[in-house]
Each structure stands twice: as C-alpha cells, then as structure tokens.
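Below you'll find a set of structures to go through.
In the two assemblies presented below, chain A is common to both, partnered first by chain B and then by chain C.
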Partner chain A sequence: MVADAAPSQLAAAPSRAPVGLQIRAWLARRAESIAIPVAAALAGFALFGLFLACLGKSPFQLIDIVYRGGFGSSFALGNSLQRAAPLLFAALCVALPARLGLVVIGGEGAIILGGIAAAAAAQPLASLPAALAIPLMACAAAVVGAVWIGAVGWLQAYRGVNATISSLLLSYIAIAISNHLIEGPLRDPTSLNKPSTLPIGDAFMLSPMPWIGVHWGLGCGVVACIVAYVLMDRTTLGFAARIAGGNVRAAQIQGLPVGRLIVGFTALGGAFAALAGFFEVVAVQGTANGTLAAGYGYTGILVAFLGRQNPLAIVPVAVLLGGIEASSGLIQRRMQLPDATVLVFEGLLFLVVLLSETLYGRFKIFSPHLWAEKRETASASAVSVAA
Partner chain B sequence: MGVIYVGPKDDYGYNQAHAEAAKALKAMSGVEVTEEERVPETNAVEKTMESMINLDGATLLLPTSFGYYNPYLLSEAKKNPKIQFRHCGGLWTDKDPKNAGSYFGYIAQGQYLNGITAAYASKSKKIGFVAAKPIPQVLNNINAFLLGAQSVDPNITCQVIFTGEWSLAVKEAEATNALIDGGADVVTCHVDSPKVVVETAARRGAFVCGYHVDQSPLAPQKYLTGAEWNWLPIYKSFAEAMLAGKVPEHFVRGGLSDGYVKMSPYGPGVSDAARKNADAVKAEMLKGGFQIIKGPLKDNAGKEILPSGKAYAEKAVELESTNYLVSGVKGSV
Partner chain C sequence: MVLIPAPPQIPDGAIGVETIGMTKRFGAFTALEDVSMTIAAGGFHALLGENGAGKSTLVKCVMGFYAPTSGHVLVGGREAEITNPKGAQARGLGMVYQHFTLVPSLTGAENLVIARSDAPAVINWASERAALSDFMSGMPFKLNLDRPVAELAAGEKQKLEIVKQLYLKARFLILDEPTSVLTPAEAEEVLGLLRAMTDRGDLTVLMISHKFREVEAFARTLSVLRRGRLVGGGAVGELSRDDMASMMIGERAIRTVAARIGEPDPSNEILRIEGVTARDVSGLREIAIEDLRVRAREIVGIAGVSGNGQKELADVLGGQIRATGGRVIVEGEVYSGKRAESRAHRVRFIPEEPLRNACAPRMSVAENLAFRAFDRRGDDPDKPPTLWLNKGAMGRRAKDLIARFKVKTASSEAPIATLSGGNVQRAVLARELTDPVDLLIVVNPCFGLDFAAVSEIRNRIVAARNAGAAVLLISEDLDEILELSDRIVVMSEGRLVYETPGASAEVGVIGQHMAGHH
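Right after this comes the complex of A and B.
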C-alpha cells in the first residue's frame, strides 16, 4: 500500500515527446502527489470540524486555537518545532523501509535503546572533550538502533518474518530491556522515585540552536531528511531500493541484492530513530529514563504516512503535527475538551490519508499522458491550420 | 493557578485525586484554575508550563507527576523567578530554586489500614499487591499493606507483581488474575489507575482495597476500604497564601493527622472486629508518630532491616529511600 510507483511510471512516461511536454507531464505527476495529500488533510480537518460541531463546539475556534497554539507567535512556533524534532527521526524509520515495501512500526524501540546507549556511552567517555565524546555517543546510539531495526529487515529478507509484526513486538522487548537496565545495572543509586541512568554531566549537554531556541535535534533532523531524500531519489542505491520495493521479483531478475538492500535501509532507518533518543538524552533530559518511551515512534508512523514516505515531505508534516500537539493544551484549556480529542483528530487524519492512497491515478487531470497527448493534438491541429 | 496531570482527569486514580481538589478550588473566590491532562514527562511539560504562564497568566503552577520535577520544573523555575512552582512528590531542598517547592502525603498509613481490613477478610491468608515500579514510594506501600495484615495475623503472606509501568491496563488485569489464581483473596495495588485491578478482582470474587481515590462504586460488594489522597487542604493553603501575597510553603508533608490522606468508607465485607481494630489503629495514627517499620524486622531475603528497639515513624527520611520488601512479601525488587 505504500510502495512508490515512481520507477514504473518513469519507464512509461512518453520519452520521445519534446522537452516542454515532458516537463508538463512531470508537473502533472507532481501536482497529483501534492494535491491529494493536501486535499486529504483538509478533508481530515473538515471531518474533525463535523465531530466538534456534534459536540457543540465551534470548528472555527479550533482553527484559531491551532493557529495561536502552534504557529501564531514565536513561542508557539518554537513549541511546535520542539515537538517536531523527534518526529523527523522517527518518521524516517518508517519512510526508508517503506520505499522497500516494508511497513516498520517499531521505531519506538530504536528510540528508547538509542537513548540508553547514548547515556551508557557517556560514562566511559567522561574523560574525553565534549566535541569528541558527543559524536561518539551519537555513534553508539546509531549503532544500537541500526542493529535493532536492521534485525527486523534481516528477519523479513532472510526468514520471511513480517516486518510490521516483528518490529512492533521488538519494541516491547526494547522497553523491557530498557526498564531492566534503568532499574538495574545502569541505575543511578540516587535516582529514588524516578529510576534513571547516571547523568551524562552538564559538559556533555547540547545547548539549544541559536535564534530559535529549539534543541539541535531539529536541525540534525532536517539534515537527516535531506540526506535520506538524496539517497533515495538521487542515487543508484536508492533507485535499486525503490525497484526492490516496487517489484521484488523484477529486482531479483535484474540481479539486485534485495536482501542486503532491505537490511541496509532498515538499519539506516533504525539509526535515524536512535538519534531521536540520543537527542532526548543529550539535549533534553541529561539522563536516560522511562520517559524515553514517550510515543514519538508511534507519532512518527503518522508523520511518515501523511508525508507519503517522502523524506522531504516529512519536514512540513512533522511541523504540522508538532503544531497540532502543541495546541492540544490550548484545546483542553480554552475549549474544555479532553486530551483524547487530539487523538481523534490525528486518527481521522490518518484514516483519510490511508483512504486517499487509493485515489492515485484515478484523476485524469493528473495523468501525464493526458497532458502530453493534449499538447500533441493541439500542436498537430496547429500544424494543419498552418498548412 | 495551573494544574498539570500526566494521565486523564477521570482515571479513578492518581490524576483524579488531584483533579477533584482542583475542581473544589474553582469555587474559591479570586482563584482561577487552568488544567491540562495527559502531559507526558518530556520537555512537552516545559511548554505546557510556559503556555500556562504566558497565555493564561498563571502565577502558581502545580505539576503533579513525579517525572516533571527534574529537569523540567527546576529549569522553568529558574527561567520564571516571579512564578511559584509546587510539585507533588519531589524532594525540594533549600538548594533548589526559592520559587519552587514540593508536597506529598504519607499514604503508606492508609495501606497499613487497608492491610488490617484485608487480614480479617482473607480466608486463604494470602493477599496480593499489583505494583507499578519498584521505587521507594511503592515499596513503602507494599510493606505497609503486609505489615498491617500481619498485625492481625503474623502468618499472612503477600504476593507482589510489578507491571513495570504506571499505566498498563492489560498487564494489570493479568497480574490481578495471576494473584487470585495463586490463592490471594484480597488484592490492592499501586498503579496510576486502580480501576482495572478493582474491577478484575471483584469479578473474580476476591475482596479489594482501593488506592488514590474511592473506587467503591466500581465494586460495591467487594470493596473493603481504600487509601485516598486529600490534596484540597494543601491546595487551599497554597491558594490562600498567594491571595494574601505571601509565598506558599516550600516543603509540605503530612499523613492522616494532617488530613492529606484519608480512608474510604468501609464496605459491607468489613467485619465488626476489623472495623474496631482499624479504627483503633487509625486513632493512634491521628495522634502522629505511628511506626509502621518497626524492629526487629527482616527483609524477604533474610537481611536485617532494623534491630529491635528501633523504628521509623512516618516522617523518617529513611523511608524516602526504601529498597527492600519486608519478610512475608513474595516477590523481589
């Protein structure tokens, strides 16, 4: 349901048409991939407005509150961006495997273990300067995350275990392992009622990014999305991965190493997710504890699907979702609605976007052939008139 | 005044206990209460606090979940020196920001009284405890529940099962069933929302003691009594101080005698003898200084906790770092 059909469409595009027509056809395809998600998001908003109206609340007040709580001031925008930061990484953990046809929903496990790994690595690195130790902590997190989600890919590619189920179950195991470590071997004995690892120390804490006051997870998350986009859409490796995602048999016949591609891209997704945990530790908490399991991994699924598994689309979608979550407080306080209202909203958005997946290719207006042919007939008639 | 909850306000548990006090405060003239529920223990709570300060004009904030304290509340307190912060459960010391503080109640006293009624109701002489995490506050409750029961019958044992999370309904139901399958016929718990434990136990025919708030409506026949919070006196004193332009107290701790902890009314399963015994102990506790952890006492691995002649009253600082289960508790930390 998530496989991007781009390669096959590319092959089918009218290659002999003049350049101008090719651009038109390309624009039509792009317009489709923007118009349908935007329309789906608007439909989600409308459905939720209907839901609010049934509760006797004004949908227009909701729009006002989402704007003021999420985007209307520098405080609100900072609030949204801060919430978006971990979602960028979490969404990549869904989007990268998705291009290979895998639905990985267990990024939460990689986030938690990544945070633990970063905090655990801080102790042996304590004597190093921060400029060296912090990247090493990030590496420790990334390696653990890569192994965790890479294992999901390996199980799928070589043992036929469904990645959706194995990743979800592995995330519960990750929570259990982290509870054991935090309450046992890694526990700071002075953390009485909130078991945590030893603090990494102020020297290893990252200060916020200049001007916007949000931690560096945001900047690195955006860079990660761009890197993932370039890798996926602008390299032969990414092209091979998309072919494997579109049609495994065809990819195998072409001699592509499908198994290694799956393991590699799931591992990369896991490494990205683990960085969300890393930033939770080095930029926010200063220790690893049970609150690493804050559900970012699950919201990340929603972000990736709303962004149609496109790494670049993840950035605006994560900010939108961050804004909705940021305004959830105001929705509670100003509209006297329970917090679950926001869950209803996110659920509706998710459903509408999943439904909209079935609409691709159904609208003639977006068909590249239509645009190419139209121009051809138009120019043909123009020629005959001239004759 | 802003109140922040980690779970839903109507959870029949920890958050509801706070929300009931906040609701009662709304009636006070001059006090405006703004509330936000299901705020995770992440930097989201910093933003909630800032939003309450900037957009709602809150001057006193009450973040009620333990994990809000360090680092979030402490950093917000430093950033907003004019705003007062009082936190539930934290251990404020005079090294922390002067506009912060903490409050809590000695609810183990309630669990001790729960244990007394449980001992009279139990036929199998096995009682059970569904616990969230092996941290001092929870361990104190488990120990108090069994020691209360053993004050009636020294042969009673208590099986404990840790679920590992504050709120995990499925595991709480499984744990309750497992305790009852193992022979326990009275069950209590320390999780955020005791609803699942109370309903599951009652459905299986076991008696149940409540926690956080009165859960008797969930199991009218099987509910013995319960250890409840009563935050209203604390919140009222904070609000009165703010209205009078004074700084609210920094460190508030108290139990039954201060009115911060109370007991649910006895259910139909509590015998006259149990009532009499529990009421007598409660009268002792109301005088203050009641000792639950009293030597000679061993932990359930045989190690001595206290020699005879020594004891911890409710205010003892040692109880803030409990890391053992007393002899007779089956389970490990």
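Right after this comes the complex of A and C.
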C-alpha cells in the first residue's frame, strides 16, 4: 500500500512524505496514548491477580465475577452505568484542569456541595413547575461547584498555592460544611438515624432515561464529556489552555491570559463535578445526606488518569471502573474478601498508571522519526521499483 | 577494586596551582585551548573574559568536574591527577560558586559540619561546637553560626560559603564571580578580608570576574581568556583598563552588514520605554530604564554582561513580570503584553532558549507553529479572534512554514522537543516573522546554535528590520550586537549606561561600560 502511493507522490513533490506513510506516522503517535494506558491497566490487573493469589484466591474467578457482576446481565450493566455516571463528571473535574498543568484532586468536595446546593435550592423553588425548577437546581449546584474549584484555580494562578494540596484540603472543608448543614440548618427533623436534608419531593425527581433504565446523569455525563472534548480540542480557548499547560512562559509571551484560563477551566471542572452531586440527589437519593461522600471524586481521579485526561476516553474508562465497583458486592460474597479489596485494586491500578506516565516518549516504536526513516527506505525501494 | 592512595598531606599555608596546556573539547567545539597559567602560592589572581571565553571550563577542569582533553594540573609544584571534586578537596582546592550551596534550613554550624567528608553518623555537638569556635577565632570573618542560613543576608551567606571552604581546609580558593549577589559594600568587605589572608600567606585566591574595579582593587595578577585561549595577563598595576578591555574583547573589526538597507526612520518611533522600574522574583535585582526608544527600520542592541538586568527587561516587555513603575509605549499606546495589544501593534517576541521559553515541548511542531495565529479568523492577521479552532488550516500553514523556513522535522506531528536547537529556533522564527512585524524583541537568539544556523537567523532579523520593523536586540554576544545594530546601548547593573551609534562604536569603550566602569 505504501509503495503504491510513493512513486507518484515522489515525482510531484520530492520533499513531501507519501500519504500512506504520513498516516502511519500519525497512527504511531496516536497509538502511544492508547497502548500505554491499556498495558498499564493490564499490568494493574496482573498485580492484583498476584495479590489475590497470595491470599489463596483465584484471579480467574475474579475476572469471571467482575464480568458477571458488572457487565454480564442487563441488571448488572445498568448498575455499572449508574455508577459510571458520577465518575464521568468527577473525572472531568480532573481532566479539564490537567490540560493547564494542574492536578486537581478535590472533586469530591464539589460533588458534595453540589448535592447540598441542589437539595437546598429545591425548597424555595417548590412552587415552580419541575421543568423549570430542576434546571435551576442544576444551576445552583454548578455555581457552587464552580466557585469551590474555581477558588483552587484562583489560589494557584494569583497566589501560587499548589492546586493539588489546596483542592484536597478544600474537599475536607466541604465535607465538614456539608455535615454541619445536613445535621444543622438544613436537617429534615424526621430523618432520625440518617441525617438528611428535606426531601426534594417526588415531583422534582428525575425519571430514568427511556430504554436504558439508567438515570439521566449518564446521558448528561456523556454529553458533558463530548462538550469538554470539543472545548479542549476544537476551540481556540482549549488550545490556549493547552499552551498554558505546556509552558506557562511561552503562553505569557504570546499574551495569553493565563490566570483567567486557569480560573475558567478549574471553575468549569468544579461545575461538572457538582453536577454529579446534583444527579445523586435528583435521580438517586431524593435528598442530600452523607452518602454523597461516596468517594466518586477520588475514583474520578483514577478514571481521568487512565483516560489520559482525554474527555472522550473518560467514557469507556468510567464504565469499566463503574463495572468493577458494581461487582464489589459479588466479590465480597463469592470470594469471601473484605470490601476494601476493590480499593486495593484501584490503588494498585492507580500506582501502575502513574508509573506509566513516565514511559511516554521512551518507546522507539511510537516515534514518528522511526517512521520517517522507514519513509526513506520505502521511497528508496519505490525508486528502485520504478527503475 | 582500585586502591585509593592516602590523601596527600595538605600544607598549612597557601598552595600554588599551575595549569599546563589545558585543552577541553566538547565534540567539535573547543572550549579551552592550550591554556597554561601559574598562580603562585599566596597570590590573588583574577581571571577575566567575556561570556563563553572558557573561564568556567578552566576552573571546572582544575576542580575535577571535567576531565580535560589534554593538559595537566600541578598543585604545589607536583602533578596532580584530579578526577573529581572530592579529589580536589583532598588536595586543598576549594571553590565557591555563583549560587549558594548551603542548606537554608540548617544553621551555619550544621552546614559546616555536614559538609565535612568525615562527618560521623552521630555528631557530638558539644565537641563540634568547641572545635568550631576554635576554628572561627582564627578566621577574619565574624559570623553567627547559630542562625539558620535562610535568615542570613546575601553577604553573610557568601562569607559562610568561603568559611566552609576554609573549614574544609581549602588553601587554594576559586571564586566564580563572587560579588554578583552582593552589594558593593559587602563585596568590598569580603574581598578585602580574602586579600588580607593572601597577604599573610594563608591562602591563594583565583577569582573569576567581569568587574575591572574589583580586579584593580584586590587582585595582584590577572589572566585574560578569549575564546578559550589565554590572550594576555600580568601584574594588575601594569595594565590599564583599556588594555584589559581590548584583551577581553579583541581587535575585532566591526563587520558592516551589507544586508542592512535603508536608514532608521527618525519620525516613526515604535517602542518607547519611559522610566520603567521592575524587580526580579528574588527581589535581588532591580532595573530602572529611564528612556529607551526604538524607531522603525532600526535595530537597537542592548549589550551587557549576563545578569545585569537584561532578563528582567525582556520579562517586562514579554508581560512575564509587571513593571513597578513607568510606562512601555508601543506606537503611541501603553503596552502591557496582552494578546490584543501585540496583535494590534504587531509585536513579536523571540525569547532566549526557545524550547524553554517560546514552545510547549510536548506539543507538536504544527501546534507550536500556530501559537500566534491559532485564534485568527482566516488569513488576515488583523481580524478579530475566533472561537473555533481550524485544524486543517493549522496543518496547512505548518507545512508551508516548515518548507519556507527549512525546519528539519520528521513530521509536523512530531513533538517539538524532538527537534535540534537550530530547528526549534527556525520554527520560532517562522512563527514570529511570517506576518508583517512592527516591533520585534529578540533575546540571545543564537545562544548555543551552530554557525550555519547563526548566520541564517541573523539574516532573518536584519530582513525584518529592512522591511520596516523596529528591533530591540538584547544579547550577551557582543559580536552579534556589533554586527546587527544600528545603535548600541550598554546595560549595567540594571541601568542603561552608554549609548553609541553602531557605525562608530568603539569596542574598548563598550567593554569598559559593560565591566561597570562608566
């Protein structure tokens, strides 16, 4: 195929690489960002298998259970997708700031506060029709999340406070604030052993999406990922953010508003994370309570890293991780393992993924240069064929 | 393995050092060629030279950081094979660097004790303290060793660095531009005390310096390096400043650049800097530019020894640090480096070390080439920015620029970090110079590039000027300044201290001003 394309191209423009080889070089560059995370995920699986083997359990049984518990039946798949929905939003809260070079790990705080904001907004909006009130509740959640994580960006951009640390600490503050609100001013007096806010009411609860039977958070999460992808990859704003993330000094010399980009993208990430909390309230719980702090924010970090901070890759990774979390009950029962086992697995996976970050650019097979050298030999052979 | 011979006994008094035929090559580049010099025991010797003259290479060869390509070092008259800095320390050689090497959170005493190669695993502080106060009583430097280093002023830190070397029994001390971080009064004190130690015969000093005043006040003998060769030297009193400057800079004919066509346009002032003051991040360096103007079709070269505020000036113009006072005016309007402003006034910037300052290393060549134009609507550079990214146009433009500027790359999709230095610089030039330019700011454009790339890049800069651009060229390479500039301004200690037309520039005078003698 390559040799076919080469001679005519060579005759027309000797300096230009043949189209077939250009495609190959392009593929080689893209392949790296798929092959390495996949290999890392497999290595994480293998390590966890070793861990299980040490406990005297069969790793193959685990794969079987994860498959059956997460994806084997329509019920299992629904359960996985339900768990994937908040992960989509939570992962965006990591992936968007990551393009600016920030590691934000405090999405959990925005999720919790977003849920509380949505539940709190339901009371004053009670007289409005649901079609109006629900979007307003979503807005309330998004604004709170945007302010919360936007503050992380502001601290980084204008005060030099490390975003990783400030976001983590802010998420603990968010948990404390939410405990205070749920057990104090916003508490439903009838919620006795599980302090919660007042129920938002059945009228404001979202019904599941048609056909799939999973709540709307999944659909909106996928849309959010697509929006984020278009923003990052197809707009000048996203490109400016990538310049700033690639080299702040270069961005400053280009006159780009680095500070505003950082605040804007962290705020957007925070708004997305808050929507995860919003959907937990309006589609699952019907009220805001302690279950909002279920660790979606932290699993979202793993999802974003496994997906190489690419909003589109987040979707399949979130479904995979949702499936693993969905099968955790089955793992406990069938394999007589403690429920922390899944956390061990996620931890191992994360470790391997972080390690794999150091491997980019190290494999010659992915280097466009290698394919350029091949180009020369290919053109040489093409010439000899022509001769 | 290899038996380590017992360390040679370090004598109590000063020791002399001699280099014989020192040569150091890095690949095809000769940094040091056949340098033989003698520094007598108890001497205070100054090593002068421009940036890149080979001063640091020479002392690094002596200290064992570099293995010389050929040549020997004699310590105390005997040949010494020094293969690493520890070996140099064992022979009584010590070096104080431009930048501090102390641990900021530890006290002076702690810094001294941990620097010792025989520091025990468990330190008996009572006995160490006693030994230290004994040692300090014999030192001319008075220092409080109980305070954390972070709390010390720059002058005290520098003294502590020197004391550390003496504590490690250095009897031959190399100082690499020791006063660059000190105030004049601190410099005076430190150098005066060292000079007194050499006068007593306790120590030999070899000092790298750019500053004639210091050399004349404290050194007894001096050597001058130029382009890796020893070009002269002698006793300090016998050489005038003019002699030293001309030795440093050489008898170079100013190359008149045939490529420069047309005269600067005196009525069309593009850049004007009025009373701009700024401070670098550390707060140590300040610049104050009272008045600097660059006209259309004019290259103004800012000459100066590295670290005299050129970087801060460039950072202010590039919008990386904010001026604390004054105004930058471009084409009659206040300019702060925002994208809209640089678009409106067609300001382009080529910073030094382009990969570090002008590119995102992991983004592709095509993406890096698009930094100026990615938000442009269509091909017209003056149209307002757009929201949607046109990747097709970006790719086509990249291919066009790669071909026109002869950027060697495997593909436009390759990360720009995979390109050679010259090709990164070509890519940056392609990005900054394809559209009409009214003001071009260039910083050390040819630093670290090979000869072919250098002449090509200089031609591009002159071509931009001939097309009517005002060019501010900030460079530490005096040859480059002399070759390209219509007008030359010397920057020293954060100020513009001397100005001369390029055509009638006298190298010796420029050199004196660069060395802080106004």
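The criterion applied here is as follows: the second predicted complex is superposed on the first by the 362 of 387 C-alpha atoms of A that agree within 3 Å, B and C clash if a C-alpha of one lies under 4 Å from a C-alpha of the other, contacts with A are read in each partner's own complex, and residues count from 1 in each chain.
The rule is short, and it goes like this: a contact is a pair of C-beta atoms (placed from the backbone, for glycine too) under 8 Å apart; a residue touches a chain by one contact, two chains touch by 3 or more.
All values derive from a computational prediction rather than experimental measurement.
Trainee: Between chain B and chain C, whom does A:295 touch in the aligned arrangement: first, second, both, or neither?
Mentor: First partner only, chain B.
Trainee: Thinking of the overlay built on chain A, is A:361 touched by chain B (first), by chain C (second), by both, or by neither?
Mentor: Only chain C; A:361 stays clear of chain B.
Trainee: Using the touch definition from the top, say if A:33 reaches chain B (first), chain C (second), both or neither.
Mentor: Neither chain B nor chain C is touched by A:33.
Trainee: Counting only touches as set out at the top, which of chain B and chain C does A:250 meet: first, second, both, neither?
Mentor: second
Trainee: Scan A:326 for contacts with chain B and chain C and give back first, second, both or neither.
Mentor: First partner only.
Trainee: A:286 contacts which: chain B (first), chain C (second), both, neither?
Mentor: First partner only.
Trainee: If you stack the two complexes on chain A, which partner ends up touching A:240: first (chain B), second (chain C), both, or neither?
Mentor: Once the two structures are laid over each other on A, A:240 reaches chain C alone.
Trainee: Using the touch definition up top, name the residues of chain C that touch chain A in the complex.
Mentor: 318-320, 337-343, 349, 351, 356-363, 367, 370-372, 374-375, 385-389, 391, 403, 410-411, 413-415, 418
Trainee: So in the complex, which bits of chain A are touching chain C?
Mentor: 15, 17, 22, 25-26, 29, 233-240, 242-243, 245-247, 249-250, 252-257, 361, 367-369, 371-372
Trainee: If you look only at chain A, which of its residues touch chain B in the complex?
Mentor: 69, 75, 79, 82-83, 175-176, 179, 183, 192-195, 280, 284-286, 289-291, 294-295, 325-326, 329-330, 332-333, 338-340
Trainee: Which chain B residues qualify as touching chain A in the complex?
Mentor: So the residues of chain B in touch with chain A come to 8-9, 34-44, 47-48, 50-52, 54-56, 66-67, 69-71, 89, 91, 133-137, 164-165, 320-321.
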